[in-house]
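Two complexes, one shared chain (subunit A), two partners (subunit B, subunit C).
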Partner chain A sequence: MIQVFTFYLFAALLIASGAFTIFARNPVHSVLWLILAFFNAAGLMVLVGAEFIAMLLVIVYVGAVAVLFLFVVMMLDIDFAELRAGFIKNVPLGLLLAVVFVCELIFGIGAYRAGKIELSDAPLNPGREDASNIQAVGELLYTKYIFLFEMAGIILLVAMVGAIVLTNRKRSGVKPQVVADQVARRPEDATRNVQPEIGKGVEL
Partner chain B sequence: MSIISSLYLVAPEVILSIGSMILLLVCAWGGAKSARIVSILAVATLFAASAVALDFLLNPSFADGGDAFFGQYRLDKFSSLTKLLIYIAAIVSIIIAPRFFENAGVQRSNVMRPEYPVLVLLATTGMGLMVSAVDLLTLYIGLELNSLAAYVLASFLRNDERSAEAGLKYFVLGALASGILLFGMSLLYGFTGTTSFNGINQAFEGGIGTGALFGLIFVLAGLAFKISAVPFHMWTPDVYEGAPTPVTTFFATAPKVAALALTMRVAVEAFGSQVTAWQQIIIFIALASIVVGAVGAIGQTNIKRLLAYSSINNVGFILIGLAAANKAGASAMLVYLIIYVAMTLGSFIAVLDMRDAQGNQVEEISSLAGLSKSRKGLAAAMAIFMFSLAGIPPLFGFWGKFLVFEAAVQADLIILAAIGIAASVIGAFYYLKVIKVIYFDEPADVIVESDSRVHMVLIAIFALFVSPLGYLLARPLSNIADQAANALFWAF
Partner chain C sequence: MTEFFQSLGMNYEAAWFVATICGILLIAFPLMLAVAIIIYCDRKIWAAMALRKGPNVVGPFGLLQSFADGIKVFLQETIIPSGANKGLFIIAPIITFTVALLAWAVIPFSETAVLSDINVGLLYILAISSLGVYGVVISGWASNSKYPFFSSMRAAAQMISYEVSIGFTLISVVLMAGTFNLSDIIMAQKGHIGGVVNAYGLNPMLFPMAVVFLISAMAETARHPFDLTEAESELVAGYQTEYSSMSFALFWLGEYANILLMCALNAILFWGGWLPPIDWEPLYAVPGIVWLFLKIFVFFFIFSWVMATVPRYRYDQLMRLGWKIFLPLALIWVVIVSGYVMIRDHGWPL
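Coming up: the complex of A and B.
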């Protein structure tokens, strides 16, 4: 009973927050609604027993992607009047896409009713059917696929090196802080004791 | 199978990846000053990896090759040979780079940034994975490692508009191709339940369903993009023209070898039980590449764009060997690839050596006029490379074409061979046009004497290789290519 209730709760909240993502006037609010949608989708994943995907959703999408969106949206200088004008202009295209999606949905449901496609159902990690998803995936990643896992790490390294190579440049006219110089500076370098005569100023 | 024997088999990749990470640290601490030492060490690393690959290739106790990491990676004669070829191309592209980058850019005081050799090393690691892949996952990870490094290399001169454009174009289209490839792979996995080439081959023995056929087509389309075969060639001229010339040299050789070897392995080992399903696709791609490569090159005025079309054309000829779908075809492809790499490296270094009095790179074909008067040696070398690329008999380029056509005729693909030969005559036109400009046009006196001895030596080596003297190597080359082809067709 509680499962059914939770499912409808998550599903309803997911659809609602999805709708609010589109309809919110403020793009920052849109992103916040999107984060809520991700959380609810993660809840649904937990309900169907895919806890690994649920965690990925929360860690990757909420933790990284959505926050990235938030940064981008906050830094953009968005002209709302222009956005709305663009909305009117793009309505026909949007409607066309909507029609395409509806047709695809109808076809998809029809095909599903007609019987599923003959896919292979060989288990990837045989002998570990009773393990939880995280255990099974982790065992595969760190034993059978360890080499490819490490190579995927090198791909990320290349991405990082590439981003730095293409964007990092020496700027002229900046004065960076040099801590060593600051620490090495002694009072004698910065101050001097003078004995000015009465009635005369100090030469600087 | 222990992890130690797996690590032994992946030794070339381990050497390259550890080497590149250490060199990355040298870059990080040494800054721009370290470019020279990093280049030297990168070449040394590549030599070490080549030595390992050469040992695997020639060692008789290793005749059968071996699988590493639960059948995801195979090091056999086929992959050792192609790896060796890739490493040589990478070594040359590192050696020729510093002089180019010193003269490139706006201020002319540019030095090469030390990340260039590191990125070449990382791309080479990916290509090593590609030629050794016997699993869809290894295939994809190798391909991405190579491509990501290549995108960065294409826009390495980030202040140059054309270089940035080349990088962006390559990135967007490459990402699209990766998507197509991944979609095809997911279909194959869904319908066969395995990602290993061998498993897919076994699953296809009883016949191939529509869904899996779609997967096969998408995978081939993704790979055709990487080898820049028609109809997925559009990016090639722009990227080759815009990318810095040493990078173009690299693109035209090493990734081509890797992607072609990968295509061969996928076609033979993964789809080998359904030859009819992919043979017509390969025939179409081969013919279209030959024709478009030949016709498209005619109107070009930029020598780098011309060489880009020439590479499309040559990929078409190489694919004829794959269309034959037998050992002779695979062996002919490998011989052709070796000769192609030598011709392409030679002609790009020759292009790199053409500079005007201000040290600017000269890329217009019209400014090559009269090169035969001002620089006899370079003009002769360029003529040798062009004649060889056109496949005109006394030169070694002819031998590759001959072997490929022979394999096609033996496989009863006579029409394909006939159209290919006809198109190669069209292709000869634009190669000859370049030679005509160099030898018979009024001197334009644009190009000055070069002072680079390294370029001279490299051009001389490659020119000697493709000259008729190359035929002395024909027998050992065929011998080793036959062994590699046997390793590829192990299941037959």
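Coming up: the complex of A and C.
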């Protein structure tokens, strides 16, 4: 009972926030609706028993990606008139994408009507049915799918190095902070304790 | 607790529902009380370190000061700036406050007292604490005012930076304990040091991580000396500048609930949680929750102590500490700890 209720709650909120992501006029509101959508998707994953994936979704997408997204969108200076002008320009592309999506939906429904795919019931790592999700995923990642896993890691590494190379530019005329010098500075180097005679003042 | 409600004649689902609601209330209300008391302690500790008296007027020794403050903000008028984005302006403090309460769901208070004993407890805490930044970022943007906006920029960058190093410190603890479940992590610490001391923090493999975690926890909660998000000498009051009355109080309560959570995490991950400090039979006569509260208070005292004595960091120093010192250190430590665990569990490989 409560599972059904929760499922419909999350699913309805997910679809609603997905729709609002598109329909919201303000880009910041769009991003916030998107975050709500991520969150509800995580809730659905908890319901099907994939709590590890749900937590990763929240940590990676909600906690990091969406924050950076929001960070950028917040700083945009949005001109709504210009946005509307862009709308006319982008209509053909949008229509094309819409057609592709509709075709995919038709394919999907047609394939579903034709009968479901027969999935093998054999477990991927036999003998470990009682392992928790994290253990099972870990064991598979580091044994059966080790090459795919490593490949994903290398692709991410290359992307990271590429991003650093592209954005790292030499700037002239900057004075960077030398932290070692700052830490090594003692009070004696910077201050002087003097007892001036009254009315004489201090020589600087 | 579900069994108790079942014995009252409810079916299982209704009993579970009522038991969970009771559990939530049993955590949330004492937590609010604890926040009120801890704010009083905080002010008394700073006062003592500055040779002042601190709150001493309302009630005996000023004990009721926090409650007086609570009633005061409750009776004030909520002011919403005309240029603000109204909906988000109101939602932001609610997010901060709710998120601060959410994470307490998986904290084990004693061997059996835990609201939801899930397998991915630690990941859940990471996930929820990463949501905390939204309250700050949204409030800064919705205020439509420049100082709150600067503050929310700083908060976003700061919290993401320190989340990374916190994540890696947690990984070393998880590797050592072999589980993400907080209760199991506590049990794994039983008699960890020579069968005597119940703490990971004294293990030389994990002591540096305990220190990194303590400092990162201060940065993550935007607490002194890392409170650049509300640096009053630069940003008036940061993201809270435009807030008043209850909306301000929600930020305040959320902030302290978060600080208590970080203190509790310190106690649970590195110092044995509800286990007594020494694995000696008579000490187990004291209920576990007392040990946990004592440890939380010790860490809170450290937080207050740092606030009273350490000057605020510069922003570039903050970023340098997070990215150039803590992150590489935590990353190297993950490798070292996993090597150690490999040898511990499978023997010397050669």
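FYI, the second predicted complex is superposed on the first by the 123 of 204 C-alpha atoms of A that agree within 3 Å, B and C clash if a C-alpha of one lies under 4 Å from a C-alpha of the other, contacts with A are read in each partner's own complex, and residues count from 1 in each chain.
By definition in this document, a residue touches a chain if its C-beta (ideal position, glycine included) is under 8 Å from a C-beta of that chain, and two chains touch if they have at least 3 such contacts.
Since this is a predicted model, take the numbers as computed values, not measurements.
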item: First (subunit B), second (subunit C), both or neither touched by A:Glu197; value: neither
item: Which of subunit B and subunit C A:Leu119 touches, first, second, both or neither; value: first
item: Partner chain(s) touched by A:Ile155 [first = subunit B, second = subunit C, both, neither]; value: first
item: First (subunit B), second (subunit C), both or neither touched by A:Asn133; value: second
item: Partner chain in contact with A:Ile35 - subunit B first, subunit C second, else both or neither; value: second
item: Contacts of A:Glu188 with subunit B and subunit C, given as first, second, both or neither; value: neither
item: Subunit A-facing residues of subunit B, complex; value: 6, 10, 13, 17, 21, 24, 68-70, 72-73, 113, 115, 118-119, 122, 125, 129, 137-138, 141-142, 144-145, 148-149, 151-152, 155-156, 158, 167, 190-194, 203, 209, 211
item: Contact footprint of subunit A on subunit C as seen in their complex; value: 13, 16-17, 88, 118-120, 123-124, 126-128, 130-131, 133-134, 137-138, 141, 149, 152-153, 156-157, 159-160, 163, 180, 316-317, 320
item: Residue ranges of subunit A touching subunit B (in the complex, touch as defined); value: 117-122, 144-148, 151-152, 154-155, 157-159, 161-162, 165-166
item: Contacting residues of subunit A [partner subunit C, same complex]; value: 1-2, 28-29, 32, 35, 51-52, 55-56, 58-59, 62-64, 67-68, 70-71, 74-75, 132-134, 177, 179
